[in-house]
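Chains here go by letter, A, B, C and D, matching the order in which they are written, and residues are numbered from 1 within each.
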Amino acid sequence: MGIFIGDDTRLVVQGITGRDGSFHTRQMMEYGTRVVAGVTPGKGGRTFDGGVPVFDTVEEAVAERGANTSVIYVPARFAADAVFEAADAGIALIVCITEGVPVGDMLRVLPYVREKGARLIGPNCPGLIVPGRCKVGILPGQIVREGPVGIVSRSGTLTYEVIFQFTRAGIGQSACVGIGGDPLIGTDFVDCLAAFEADPETEAVAVIGEIGGTDEQVAAEYVSREMSKPVVGFIAGQTAPPGRRMGHAGAIISGSEGTAEEKIRAFESHGIGVARRPADLVGLIRDR
Amino acid sequence: MNIHEYQAREIFARHGIPVPEAEIAATAEEARAAAERFGGPVVVKAQVHAGGRGKAGGVKLADTPAEAGDRAEAILGMEIKGIEVRQVLVAPAEDIASEAYVGIVLDRARRADTIMVSSEGGVDIEEVAATMPEAIRKVAVDPRYGLLAHQAALLGHHLYDDPGAARQASSIIAKLYEAYRASGATLAEINPMIVNPAGEVKAIDAKMNIDDNALFRLPEIAVLRDTEAENPAEVRAREAELSYIQLDGNVGCCVNGAGLAMATMDLVKYYGGEPANFLDIGGSSNPDKVVAALELITEDPKVDSILFNIFGGITRCDDVANGIVEATSRMELGVPITIRLTGTNEEEGVAILASRGFEAMVDMDRAVETAVGRAGGG
Amino acid sequence: MGIFIGDDTRLVVQGITGRDGSFHTRQMMEYGTRVVAGVTPGKGGRTFDGGVPVFDTVEEAVAERGANTSVIYVPARFAADAVFEAADAGIALIVCITEGVPVGDMLRVLPYVREKGARLIGPNCPGLIVPGRCKVGILPGQIVREGPVGIVSRSGTLTYEVIFQFTRAGIGQSACVGIGGDPLIGTDFVDCLAAFEADPETEAVAVIGEIGGTDEQVAAEYVSREMSKPVVGFIAGQTAPPGRRMGHAGAIISGSEGTAEEKIRAFESHGIGVARRPADLVGLIRDR
Amino acid sequence: MNIHEYQAREIFARHGIPVPEAEIAATAEEARAAAERFGGPVVVKAQVHAGGRGKAGGVKLADTPAEAGDRAEAILGMEIKGIEVRQVLVAPAEDIASEAYVGIVLDRARRADTIMVSSEGGVDIEEVAATMPEAIRKVAVDPRYGLLAHQAALLGHHLYDDPGAARQASSIIAKLYEAYRASGATLAEINPMIVNPAGEVKAIDAKMNIDDNALFRLPEIAVLRDTEAENPAEVRAREAELSYIQLDGNVGCCVNGAGLAMATMDLVKYYGGEPANFLDIGGSSNPDKVVAALELITEDPKVDSILFNIFGGITRCDDVANGIVEATSRMELGVPITIRLTGTNEEEGVAILASRGFEAMVDMDRAVETAVGRAGGG
């Protein structure tokens, strides 16, 4: 099972001929993801690596190759256009890896995607992986392992770190989703928690949050109200100074809002076990 | 990106917001001359990227040109939250009948730009929100429709009973939203917006924050960056495409990925140390970035121990190892270095480091604990 | 009963202090419509005719007077703003009398009204009347009479003419709705036909169309597919030359589209009796 | 409102659409001089508010300046669909590799502006739609989002296989949409849009219709109205705020309301007559309008009978009656007048008319039948 992607995924790669796009397309194909098409405007008619047809538009990739999922590796200035195009073409799941997308672009993209009935993951995210079955994005396939824990995170390498610790401890994952570090993202913690709750293969969930915004607080409330499965969490940025953007565009304490303390308190008050160190997540999951 | 009050004022004025005249001065003499040109009493205001400058003594009234020069003399060169004041704004003091607040900010939870107004102006809006929330009126702007005329109108009516003042305020709010959007802003504030005894509504203070990600398409905004008003190391880091923030501790951190970098800082603290910085070398595999990162860390005199924490994904461990080798062959670190390296091309990276006598660890906790110990903490 | 308005209607008049607004407010009140508030920005706090409070915003009219219906008499340049405001304030039915609204304004207004769950009638319309109970707009109250026929029309005075002929012939009306003569309007024939079909007091419907667009053709199909009640029709503009705007912004034959012949053919092929003269409508209704 | 090709070209050019140079000429000599300046062969095109000017002989090629003068001589002063040609456009003849069509039009049924492109350019789009609909690609623009980049891109790709041409076409389409929106247009067409042998995409013809209702906020567009290219009576009617369209019949109609006016015309035809005009005096009660309306009708020499059809609502019957009395006291009608008057203040109106010897009817059919009879028809 897993969530959002799986055996039915038919992937189109937007920006397949670019440096990042071509590299990760090969990685995804190696992992077993069905890459059915690529899109690079002006390069329609070519073939990528001798097997994947390249089109000028996503519309053609959907019409001719039945693509239902898209992953976006185009430069930031074209990322919003790429999401609009994928949603308009009827793509159901759009994963935007691109970092540096203007927040004003996302303001317009988010309602559009919703109106088209599509799901956007990202931008500025590592994508997602269902161990042993399908990977869309840039998460390293070698660190995951099949198993019962769902992982959702706003971060990239910190997610790898957590996955790595679980895998080393012999605990596999049902799916790992990086939702992205930007202030406005398509899929939030609650969306992923709901999917994990519904996924029969997931037995517990680890939520990796960080400073900035209130998504963790909303998630905590959701967990206590709607979830039957145990949830554990970690919040990065306890030592972050207020008012500074900690790398991620979304990781900033604004005034008194978005501190790690506030998020940890929200987790604890809603019954989510909070790890002081990433390594403690393993023990917390074992205890549940 | 932060911009100065005087820059935000210029943007506001360009969008038709009534902003009283003012001049920027870098010396006491310039401030005195400006005050002389204006005639009456003036305000002298520090131009720094820091809040709370009023409380810090960075805003002063002056009745005469000579006094304006003295005030500027006192303010120029002072430090506000660690940042040196290099310029002051000199503006005629306004007669104020009432003060209000107008702000636009990206509301992440509502996924919309939100306009807030309060008839309690001139004070911190968070304070108003805490003490008298009913004074604040908020309106979310649907990004598909933009600010609608009736929204601006009802915000104006919330601020003022007088129809004329309400109309002026609505117009200012609409223009502020235009300025906000056209500048790729994530925050725009007028605090205070005043009514003078003649019934004219004006923007007295001006504040804007800009979305760095929007700058590529706004060259006229990008040039407003005042690198002299920023931490020099952070400016250099940005030029090297590193994300770097200087802190007060003594464990210098170099990490790939922002979340992992924050978690590493937290772990330093957990093991009894204090991080000297946040530093994310990003997802690139360029050894030059590693060199630049090491230079930044070693130039910070507070650093007693250096910690690398690399989880290879797109970043390849061998590239990072090569960067460390290259940097250490060029310069003397002078402090111990602890390296955690795992993920893509881990073996190659470890081998490269070993060949130069560096030990690499796989476990993050052990590496952090070691680095803290080497810094003399923990 | 009637449709869209009735005993529950609590009306706010946008532009109540204007020349048209004040005149028709008095007419509506005389007819028995419950006018609970007026709105004119900058004139909040006054009272209209000593009884109706005037506010600066529709929001206040809703909050303080429970207005649920709005009628708009503001000049064309402010009409779209007025509709946006009414919809945003939670008004359920918005009747825009104003003529001359730019079509580009309406393009944005229509989806907004729909998203807010409101209904817009007009612009450039005479409004609607439920004989003996409630009138919103400018339809002359003295020509209607209570009865079983629903009337819906794109026109103003032509509607009066038809109502007049029915009333003179002793046939009363369940409701008369003028949907407006512009190319883009909030409520179309189908919306009104559905409401008449659902209204127990309506026994038959007369549809008064004119040249331009395809609304009549769509309505004809709807009638044959969905309606049990008899429907008769009339189309104005059989002698109109192509390419000329016949007064109404929407009354124009574009290329070969929107001719009266085409509409009459659509009506007839879907079982709608078509009157050659307005006066024949009475006979057609009697025959059904 | 219709504007001329040369005016639409200027709007297009202002929005960055590549439009080849051209000059407007009102005399043969001006056309000759323009052709001389351009050098090579030119096209001479009639500037009229009427379709099908090509078939009517209003577009001619000329190889030499002298020939251009001759062509202009022939075209200037000719009538196309009843409208006299007063100006021609002179433009260098382009080398054409292929012709396409690009159009934007308000789609009433979809409640959206719709962009249509077809690789079959230079011909009537309705003809293409009828004979080879698969050649046409349509995209509806969501008014909340505007034209999206990928929509322009896929229209470009529909037109051209060559990536360079597709990119140019996408850019032209995006600019055309901007021009359309900024001008309050309800139609904008480039037909043909060509690719020349050098691979450059250009707009050769330009057409725009403007929403009259949008003109109040677009003064720079409103001034483009060429009243000389319109029917003089219709221009005067518009100035008097009447809606008037001259037709070929002999029964002059004066009605309040557009729908009733059309129904009245239809009824004239039903009773065997032919309407001389469409005339809607609107919802006003101003007697001056009635006077102006009667003047327009009586100045039309074809009119043999005048028919008033007034259903009082906002329009009051007494005002109309006063207007009729005033007009007839100022001028000699010369033809019989039939008056139908009912609704608001009907009694007063009927009395006013009776005092001057006019009879008023209540029944529309009887009035129309009478007026047709008096015109000698029916």
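In the analysis below, contacts are C-beta pairs under 8 Å (C-beta built on N, C-alpha and C of every residue); 3 or more make two chains touch, one makes a residue touch a chain.
Keep in mind that what you see is a predicted model, and the values were worked out from it rather than measured.
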item	value
Interface with more contacting C-beta pairs, comparing B-C to A-B	A-B
Subunit B and subunit D: spacing of chain centres that average the CA atoms, whole Å	56
For subunit A paired with subunit B, centre-to-centre distance based on mean C-alpha positions, whole Å	28
Whole-Å separation of chain centres (CA-atom averages), subunit A against subunit C	50
Contacts with 2+ other chains: residues of subunit A	108
Contacts with 2+ other chains: residues of subunit D	144-145
All touching chain pairs, where touch follows the definition stated at the start	A-B, A-D, B-C, B-D, C-D
Complex contact set, residues of subunit D against subunit A	145, 148-151, 153-154, 157, 163, 166-167
For the subunit C and subunit B complex, residues of the former touching the latter	41-44, 56-59, 78, 81-82, 84-85, 88, 108, 112
Contact footprint of subunit D on subunit C as seen in their complex	20, 76-77, 99-104, 107-108, 110-111, 126, 138-140, 143, 153-161, 164, 181, 183-184, 208, 210-215, 218, 234, 236-241, 243-251, 255-256, 260, 276-279
Subunit B contact footprint on subunit D (complex, rising order)	144-145
Partner subunit C, residues of subunit D touching it in the complex	51, 106, 108-109, 111-113, 126, 142-144, 181, 184, 186, 211-214, 216-217, 243, 245, 247, 255-263, 265-270, 275, 278, 280, 283, 311-315, 342-344, 364-365
